[in-house]
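Two complexes come next, and they have one chain in common, subunit A, joined by subunit B in the first and subunit C in the second.
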Partner chain A sequence: MIARDRNWLLIFAVCAALAVVYPFIADGYQLTVIRDALIFGLFAASLDFFWGRTGILCFGHAAFFGIGGYIMALVTLNDAIPLGSLLGILGAIAGAAFVAAIIGYFLFFGGIRGSYFTIVTLAMGVICQQAAVSWSSVTGGDSGLIGIPPIAFDLGEIHVDLSQDLPSYIFVASIVAVVVLVLWSLSRGRWGAVLTAIQDNEVRAAALGHNAPLRLLVTFVLSAAIAGLAGALYVCMAGLVAPDLSGLLLSTEVIVWVAVGGRGTLLGPVLGAIAIQRAQQTISSFNPSLWPLLLGCVFVVIVFVLPDGILSIYARLKSLFKGRRQAQ
Partner chain B sequence: MSDVLLQAENVGIRFGGLQALEGLNLTVRDRELCCIIGPNGAGKSTFLNLLTGTLRPTSGSVRFLGHDIAGLPLHRIARLGIARKFQIPSVFPSLSVEDNLKVARWGTSSPVRPVGELLDLVALGSRAATLAGELAHGQKQWLEIGMALAIEPRLLLLDEPTAGMTPQETLATAQMLLRLKGEFSIVAVEHDIRFVRALNCETLVLHQGRRLRSGPFHDIEADEMVRDVYLGRR
Partner chain C sequence: MRPKACSQACANASQVLPDTMDFVVTTLLNALTLISILMLVGLGLAISFGLMNVTNLAHGEFVTVGAFAVYFVQSVGGSFWLGLAAAPIAGAVVGCILEFAIIRHLYSRPVSTVLATWGVSLILQQGLELTFGLGAKPVTPPIEGTFDLFFTVYPAYRLILIAIAMLTLLGVVLLISRTSFGLDIRTVIQNREMAEGVGINTRRTYAIAFTFGAAIAGLAGGLVAPLAIVLPQMGVNYLANAFFVVIVGGVGSIGGLVAGSVFVGGLTSVLNYQISPSLAQAIVLLAAIVAVRLRPNGLFNGASR
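Up next is the complex of A and B:
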């Protein structure tokens, strides 16, 4: 195992240990704050899996988060549907994946890349938000849908009820941990290496027999499916869904979380999302108008001081100490 | 004939008002080595793009193992058994030399040569862990040849494989290709006459988008017209 992988696993283990200890030191409110931040972290990891591995920026990723959220809300608010929460989650994943497959097919096989892809996905996000506002008979319009029940379902002998803070925290933290580990395994294996090759030189990769558009499409669909899962989890925890969840602001925020955490690291964006969410809540409690200004400053400072994100601090400190030891 | 691998018949291509290539024929048999030479602007790289299916001819046809390959996606052309080395070294700079070769092997369903053998073949065994982006120019060219070999091609098309190489590297590349001769067919587009002389194979000379001469290299080298328009007189 190479040093970079060892470092990643070490940081993951430390984060997992902190996540296990946290319920013992936090009250119910703090637990729900971190739980919701973890969901946004899952959303950020989904974008990072696509952006970080392919180098192609999706500027409308919140569309998939919103689609997942709306499907979850519509399924769970319909009493006639049995196993509502479970079907809602599966529907949210499938719905977001389906939309990504349709859009991605035309973009990737049509040779749309780089800034053109970013602009088209930006438009996709705007269309999704507008659809959520305009299609009020289904989506509830500007007000959205409220009263979405917490996740609860029976699977044989197992009864899952996430109406309490601790079970919902454990459920979300477990899903985030599993998804991040799976995405990391994919990224460091054959799939990730071929994606890196496509990012470096798509024509060369194709000339070696790799179906680059198909690889990019599958990665995009997987990324969207995870964003849809995050959206479904979020609306059940928040109890409501609104057009903002598929809007441009959230699409921009998730890019900032990934950039601050460290693009291509998967774990960094989760930490970035948690750090920024916590900071936002703390600073907004003093002065709500101060937050956007500070967020902008933090982003600029991170780009200049830590261009590889906060997760690179560990590697930098390690090389610093190594350099000092060698100097002595 | 059954041993014909690639057949270009009366191939031409027009870009707007410019007739870039006209009436070109080339037959590459199984395990044959041949070169395409010509002055700048003769249409060598354009012809190679037609042979690899990257460009669609406006007249004539290009068939590989009987299939018309014009306009096929690159990955399908590669899977048919055509490997290509580009004029500008095209490697994956973010990956190590070894990973470049691994990614190349994964492009085919049945790779035969192990990565270690490929590394030895292109003389990069000691640089396996080096990032491809950090290699010297000539080493990048070799790595790209190694990547092309990794997909177990029936036909290897090389676009100026020695561009930017030192004379020693050029000679080493020619020796490498001569060692591979007989395993599969090779078509090399090249400027460097020392390289073509070292290969000493069937040669097609292009001039202004048309065939000037074709035949064994020693005949080509002695041809008055080829010497006038391309090789020059000593």
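Up next is the complex of A and C:
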């Protein structure tokens, strides 16, 4: 356990160092590409915090991403609201958390777990996308909302202006680093231990005095809040918000990022998100309809070949060589 | 399906609004159309999700494949009825391959089943799109025109759809309650180990039951094709709704299936008159979540089981 923690911190430090060095070797465009990928990485980490710790798969996580994005867009586009960027981010987090709290209350306290939860969240994602399309007076319908300004606010002595590439990259990268670190310390501490106990055997965990539905609910709300934050950041960086931000395809992609990166590692999903998006951009440049097809194949392959994600290749190779040595 | 069904329904409604009786009967028949389709789609899901504990996210694609089968047969010159006969066969073939290649290896890994079947669903959608091209596919109903029902006039094809769906359901009930294969299924569901002990091949029973459910979903796709917008992505709406049918109705009985279908289909049809289809969907979802909170074992199964 201690060695595992040390390894995790080591990988985290290496990634952080790479993130610090990257602006010196990359030009502005490459910087924005990585920045956007990091935002999706934050989104993937938020799903992993819930899925990886509870074992319950949320199939509509993009709903929270989209809710955060739309709230951010609506707040910043409204000139009457002062400190639009800051209030937008807070509103995005609160909005996503609120929706998650309502849905989560009914599901977790209603005893909904496992596949049932997956199905209901799947439908939630479908409905969020439909709502974004059909509620066009507010959401702009199919084409969404454009012209969302970059994050900029003054708070006493602190002046934040993220209209340039480098400041926005630094802002996003530090948020991702802090959130991943906080989530990791949460999930390796007592909180994570109780969640693991609930995942293993909820009845026994409850018998030991843990309020299992409440724990699951709080974890779900926290996860949704971070997804909302990621959505708000993305919308400001991209300058637009559209219905597919809450759509089923994004919900699906985030699951792939987590599954490829390694469920329950928090850092793996961030790396998975960055790597897969690079692959997606390359493949989509050949033929846009090829990507969903490949995505489908990735799902099937992961399940049968790499159930523990890409990071598990290393461990597998290690055990393979160990096994061979013992055999000799 | 929803937008077109609604516009038809709304058109019907505007013709007949002056007469309340007309309106009530039309609403009921529209609801009955949706309920029939949901029962057929939900049946396969009740078998795989409810009884075998397999979360098959590719179930919606059985519906799509059925609808495309009708389109394909019509496009090469065949009649609608020939296409409707091909629809369950197409569903069964896809279902059989899926069970054989993927699902039977994952019975003990529920989350993996979710991921793998979703992958298959994406592959099927894109495969259909690459084969048949972009855009909605036209399917013409076998009978145009309306049927005079004394209180109201109603599209004749929809009445046929309701009749076929009811007959199919009746056939399934008889199959499960009267035949030796039905007995096998019921045995396996009640206790898998015991069923194996008395010499039932449970793997084979599962495979046949799954294929059978896929065939019925394919039939539903074929039936709904003339009313719906036939697209490779059409399955997901049926998938979500059918899951709600099974969850709300409770698993394990035809009664639960009927109750769930009436709940989801009835509520959707009634709400579609008042508000936009998306909002109606959202409200049905919320109602379903609340219903599950209040009756965790399903509307039909009472408070405890």
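As a working rule, the second predicted complex is superposed on the first by the 287 of 328 C-alpha atoms of A that agree within 3 Å, B and C clash if a C-alpha of one lies under 4 Å from a C-alpha of the other, contacts with A are read in each partner's own complex, and residues count from 1 in each chain.
Just so it is clear, contacts are C-beta pairs under 8 Å (C-beta built on N, C-alpha and C of every residue); 3 or more make two chains touch, one makes a residue touch a chain.
All values reported here derive from a predicted model rather than from experimental measurement.
For A:H210, select first, second, both or neither according to whether it touches subunit B, subunit C, the two together, or no partner.
Once the two structures are laid over each other on A, A:H210 reaches subunit B alone.
May I ask you to decide whether A:Q30 touches subunit B, subunit C, both, or neither, giving the answer as first, second, both or neither?
In the superposition, A:Q30 contacts neither subunit B nor subunit C.
Of the two partners subunit B and subunit C, which one touches more residues belonging to subunit A?
Of subunit B and subunit C, C contacts more residues of subunit A.
Applying the touch criterion given at the start, work out whether A:A197 contacts subunit B, subunit C, both or neither, answering first, second, both or neither.
First partner only, subunit B.
May I ask you to decide whether A:Q280 touches subunit B, subunit C, both, or neither, giving the answer as first, second, both or neither?
neither
A:N7 contacts which: subunit B (first), subunit C (second), both, neither?
After superposing on A, A:N7 lies clear of both subunit B and subunit C.
Where on subunit C does subunit A make contact in their complex?
49, 53, 55, 57, 102, 105-106, 109-112, 114-116, 118-123, 125-127, 129-130, 236-237, 239-240, 243-244, 247, 276-279, 281-282, 285, 288-290, 292-294, 296
Any idea which subunit A residues touch subunit C in the complex?
Against subunit C, the touching part of subunit A is residues 55, 57, 59, 103, 106-107, 109-112, 114-116, 118-120, 122-124, 126-127, 130-131, 133-135, 248, 252, 255, 259, 289-290, 292-293, 295-300, 302-304, 307.
Sort out for me which residues of subunit B touch subunit A in the complex.
52, 73-75, 77-79, 83-84, 86, 90-95, 99-100, 102-104, 106-108, 147-148, 150-151
Considering only the defined contacts, which subunit A positions touch subunit B in the complex?
190, 193-194, 196-197, 199-201, 203-212
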